[in-house]
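Letters A, B, C and D mark the chains in the order given here, with residues in each chain numbered from 1 onward.
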Amino acid sequence: MSPLNPPNLPSGAAPSGSRFRAGPVELGGPGFVVMAGPCSIESREQFLEIAQAVKGAGATMLRGGIFKMRTHSHSFQGLGEGAFEIADEVRARTGLPLISEVTDPRQIPDLGEIVDVLQVGARNMYNYELLKELGRSGLPVLVKRAFSATVEEWLAAAEYVRVAGNPQVALCERGIRTFERITRNTLDLSAVAYIKANSDLPVIVDPSHGTGVRALIKPMCLAAAAAGADGILLEVHSKPATALSDGQQALTIEDFREIMRDLKTLLPALGRELHSLPQVPARAGLKPGAKPSLLFAAGTAIPSSGKP
Amino acid sequence: MSPLNPPNLPSGAAPSGSRFRAGPVELGGPGFVVMAGPCSIESREQFLEIAQAVKGAGATMLRGGIFKMRTHSHSFQGLGEGAFEIADEVRARTGLPLISEVTDPRQIPDLGEIVDVLQVGARNMYNYELLKELGRSGLPVLVKRAFSATVEEWLAAAEYVRVAGNPQVALCERGIRTFERITRNTLDLSAVAYIKANSDLPVIVDPSHGTGVRALIKPMCLAAAAAGADGILLEVHSKPATALSDGQQALTIEDFREIMRDLKTLLPALGRELHSLPQVPARAGLKPGAKPSLLFAAGTAIPSSGKP
Amino acid sequence: MSPLNPPNLPSGAAPSGSRFRAGPVELGGPGFVVMAGPCSIESREQFLEIAQAVKGAGATMLRGGIFKMRTHSHSFQGLGEGAFEIADEVRARTGLPLISEVTDPRQIPDLGEIVDVLQVGARNMYNYELLKELGRSGLPVLVKRAFSATVEEWLAAAEYVRVAGNPQVALCERGIRTFERITRNTLDLSAVAYIKANSDLPVIVDPSHGTGVRALIKPMCLAAAAAGADGILLEVHSKPATALSDGQQALTIEDFREIMRDLKTLLPALGRELHSLPQVPARAGLKPGAKPSLLFAAGTAIPSSGKP
Amino acid sequence: MSPLNPPNLPSGAAPSGSRFRAGPVELGGPGFVVMAGPCSIESREQFLEIAQAVKGAGATMLRGGIFKMRTHSHSFQGLGEGAFEIADEVRARTGLPLISEVTDPRQIPDLGEIVDVLQVGARNMYNYELLKELGRSGLPVLVKRAFSATVEEWLAAAEYVRVAGNPQVALCERGIRTFERITRNTLDLSAVAYIKANSDLPVIVDPSHGTGVRALIKPMCLAAAAAGADGILLEVHSKPATALSDGQQALTIEDFREIMRDLKTLLPALGRELHSLPQVPARAGLKPGAKPSLLFAAGTAIPSSGKP
């Protein structure tokens, strides 16, 4: 069951069938997934503008932080519950599934109603109590690699979710800490290749945090695809200079379009293609004051027939 | 208020008065504190035997894991609530205050009744929701450094507890991740010297995890004292070979006695001395089935008179 | 002149025209260069067999260690001068230019007669006396990144060669040291993207040392190309299991052919193509006992007309 | 003969008798050695003033850079041969043996006449050709640890000197590269304890480079002694603010006196004492223009009788 054969990696024979759906999107399948959006949801206008722009450029999933993990207690910590209605409306209007971070087990029930993938941030990769609760939740989970987690530890973190009964887990490489100072982190693409060869888990790459340098994001998106990643997670902002968090590494809309163009050229040479969304009518947003409801069948396991 | 002057460390002028008590023990004062005991509480007999032995050798605080954070979901995870009565009895019989790890905000109320210092493990240093709850609890807290946390991040983690209203916070250096493979981690004693020079937080050093090699623990205890640490945290086991966790780095009782002897010689040359406990009669343990109660006034703030 | 604007990287405006020739091969031009061969030249038969095989598969340059840098004084240190005739003959028979490591300034005159590119190994990147001599030699130089060199230091090492009068310098990323243990090193492709964006130096990637794991070499070759590298350097052996050095990371001939096939598909999607060699008749080898002579005009500067 | 038992460290039984003399100073014996002086010899006045001051404060050996290894080719590279007469005169007038760095095998004959210990810098630890020549020279050698050398590699570098016939080798820990940014390097004192437990090589600690922060040098000197080091190597300058290299980490004369005072208190508690020099009359310096001559019997092996 485990991708590991402790204490020596790996078992070789990867279990099959771990690809899964988050709303209309399949992770770990042949389609290359592009998750894009702002670091944090800052306002209705900001999130809607960016969401529509990334959708127009071909993104398959929307990102947007609601609860933020910040080093300093005095930094902007996200809008929290104040972003729930915004998130729900924008998700409905664009038809894009939403990924957002969960930072406390007690957030899972509410957050699970408005997001399609619950992200475990790098700082919480070792938070096993959170991972176990996510395992019990049955919702799709993306586990980011901790700042200096070994690949063995990272796979073992995903295993905490699986062992608790939830097979819908993907990993996200977001750079590791090294002595190097020109980049915020060192993006470890060999780890991506290793996991694709030795486990069945989908792997997403985050070059925004992985480099922290706008000019390096495009080449690292292409390199991530070439290394075998199943998708990328990107910070995009309509006005990076005024972003409340991580502005220095946010792509502009135009940067993002250029990356999409290049990926469309590159992926076929790798035997893959961009994940495309079904043409569904945009959903109406919530009425003001309405309680968020489950619009997508988030986290539906893909049965052996392949039918969602 | 913050020990940091972002973005450039440090403010220089350290706030005074951050020393605090955990039961009869003062952290951050002139006395050098020795916390010792097994990695995990495994049974009543095991914990009582080790506790009495380390007390006899001069330890000032008892350690014993109740909830364990283990990389693999299939490893021994501690006795959990099953260790509550054991912990309470052994603490009462030895008269030693107890430090143990908290891994979930929901454990704080119960754990707070039987332990005198709540330890935040390296894996949870970035778990800000847990730190905030500990801030609200008012209980003494020891924050271990994460595997690759910068000193700035580590100080900022302690700040989450303080900002939530709890000044009773100490730090614990337990080694960082590097490329070196002869030791489990690289013990970073310059970080200890840095924090002593630039903040008012008590700093404890854990050479057991910091090296992971039994033969290196004694020299690193002495070096920690020389670098300015306020105490050490040690794994001691009566039968290391059969310990359920971390046996390879556990000291034997005899190893521990030798370290205590050497510290007694060394500390006066550094202008310090071993913290001594008041001679109090050993307390009776709980009657079987009794609810744990607050035996020590854990976390009493030290008034300006300095009298406990 | 310098790619750096100390103390803050980088100058932005990259000097043009730093591409250069090593025999019939151009480094830093539009053609993607593939350097392949054994870690060490072990015998005439071994080197000739591998050289012909990699040529047949499309390699554009031959690698083969003559002087080896080994951690332990008792390990195989290369054939040294005993490999000169072998190297010269195989280079002549295949028509492939040869890259090999120089480990001492005193080797430069002799080695310069039989190799087309002098490689400075990771262990010698900070050996400034060697770099200065190579600067004076006027021969093409490839500077590998030291185990934990910052990009700034690595560019500054290349600058030692340039300042001494030799513009024919390329860099080689070969992985850095991190805490990760599944790979021998962590291949840092963001550094490649950074250097391509901020300097004019050609950059080659060595996924053999960069990962140390045979199964990861192909995906990292493709990722290197996608990140913008100008070529790759690969260890290939006809019998990896019996190689005298680095056998565990050597590709088989068949592995190598597969990589070449995939690169031929990938590169056009990146706007590049494999460097092809002019169809020249294979040269006759040296007669036994003859002194090595300069067969290629190694290191011919490319005039502004761009004509070799 | 080797301190290593490859592939698994260590042999346990350390060979005895590897302590050796450099002039009147014994390395690896009971006396704790203090090497102090400026990063670089800048002028006769500067070096003489500092040398006399550190001698007055109790230093047992003088340091002073002649050939410098600098990251950037445009930085001050030391006075080179221009410092030979200054070095010789100051060494003669103070009676202190001198340690200085060798950066090229071709410097050994001349440098060997005016220095008592040849230092291999961190950047040259893997320069095996240099180590072999030093092995053949028979002169005392101090091998600094490379920026990210494993302990195994570091011991193996010393082995290159020994295998070439020179048993007079000591090691110097000078900090390793990590992600931490408050210190220039992370001083690895567990490596010191490890080597003292598992090899017979004397180990010196350099807290000046090891931290790069003046305020941390004193506590790390004390911690180094407590960890078992045989001595320390310190950068001291009479005017740190105007030093041509490394001024930010240079101790003032007063800082240095304070460290010496504290060491005199600390060492007896560790069962050691400061190495004291025999009371010899200061030697006259060279006459201007005279060729440097061998004033000390540098590197005399200590016979079993213990008589130099």
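Structural remarks
Keep this in mind: a residue touches a chain if its C-beta (ideal position, glycine included) is under 8 Å from a C-beta of that chain, and two chains touch if they have at least 3 such contacts.
Nothing here was measured: the structure is a model prediction, and the numbers come from that model.
Overlaying the C-alpha trace of chain C on that of chain D calls for a turn of 180°, given as a multiple of 5. Across A-C and A-B, it is A-C that has more C-beta pairs touching.
On residue numbers, the C-D interface is repeated by A-B, which shares over half of its contact pairs, out of the options B-C, A-B or A-D. With centres computed as the average of Cα coordinates, no chain lies farther from chain D than A. Centroids of chain A and chain B (each the mean of its C-alpha atoms) stand 36 Å apart. Of all residues in chain A, those that touch two or more other chains are 148, 152, 177-179, 181. Taken as a graph of touching chains, this assembly is fully connected, with contact between every pair of chains. Within the complex, the chain C residues that touch chain A are 9, 148, 150-152, 176, 178-183, 186-194, 196-197, 210-211, 213, 215-216, 219-220, 222-228, 265-266, 268-270. Across the complex, chain B is touched by residues 4, 6, 69-74, 103-105, 122-124, 126-129, 146-149, 152-153, 156, 159-160, 163, 177 of chain A. Chain A makes touch with chain D in their complex at residues 148, 177-179, 181.
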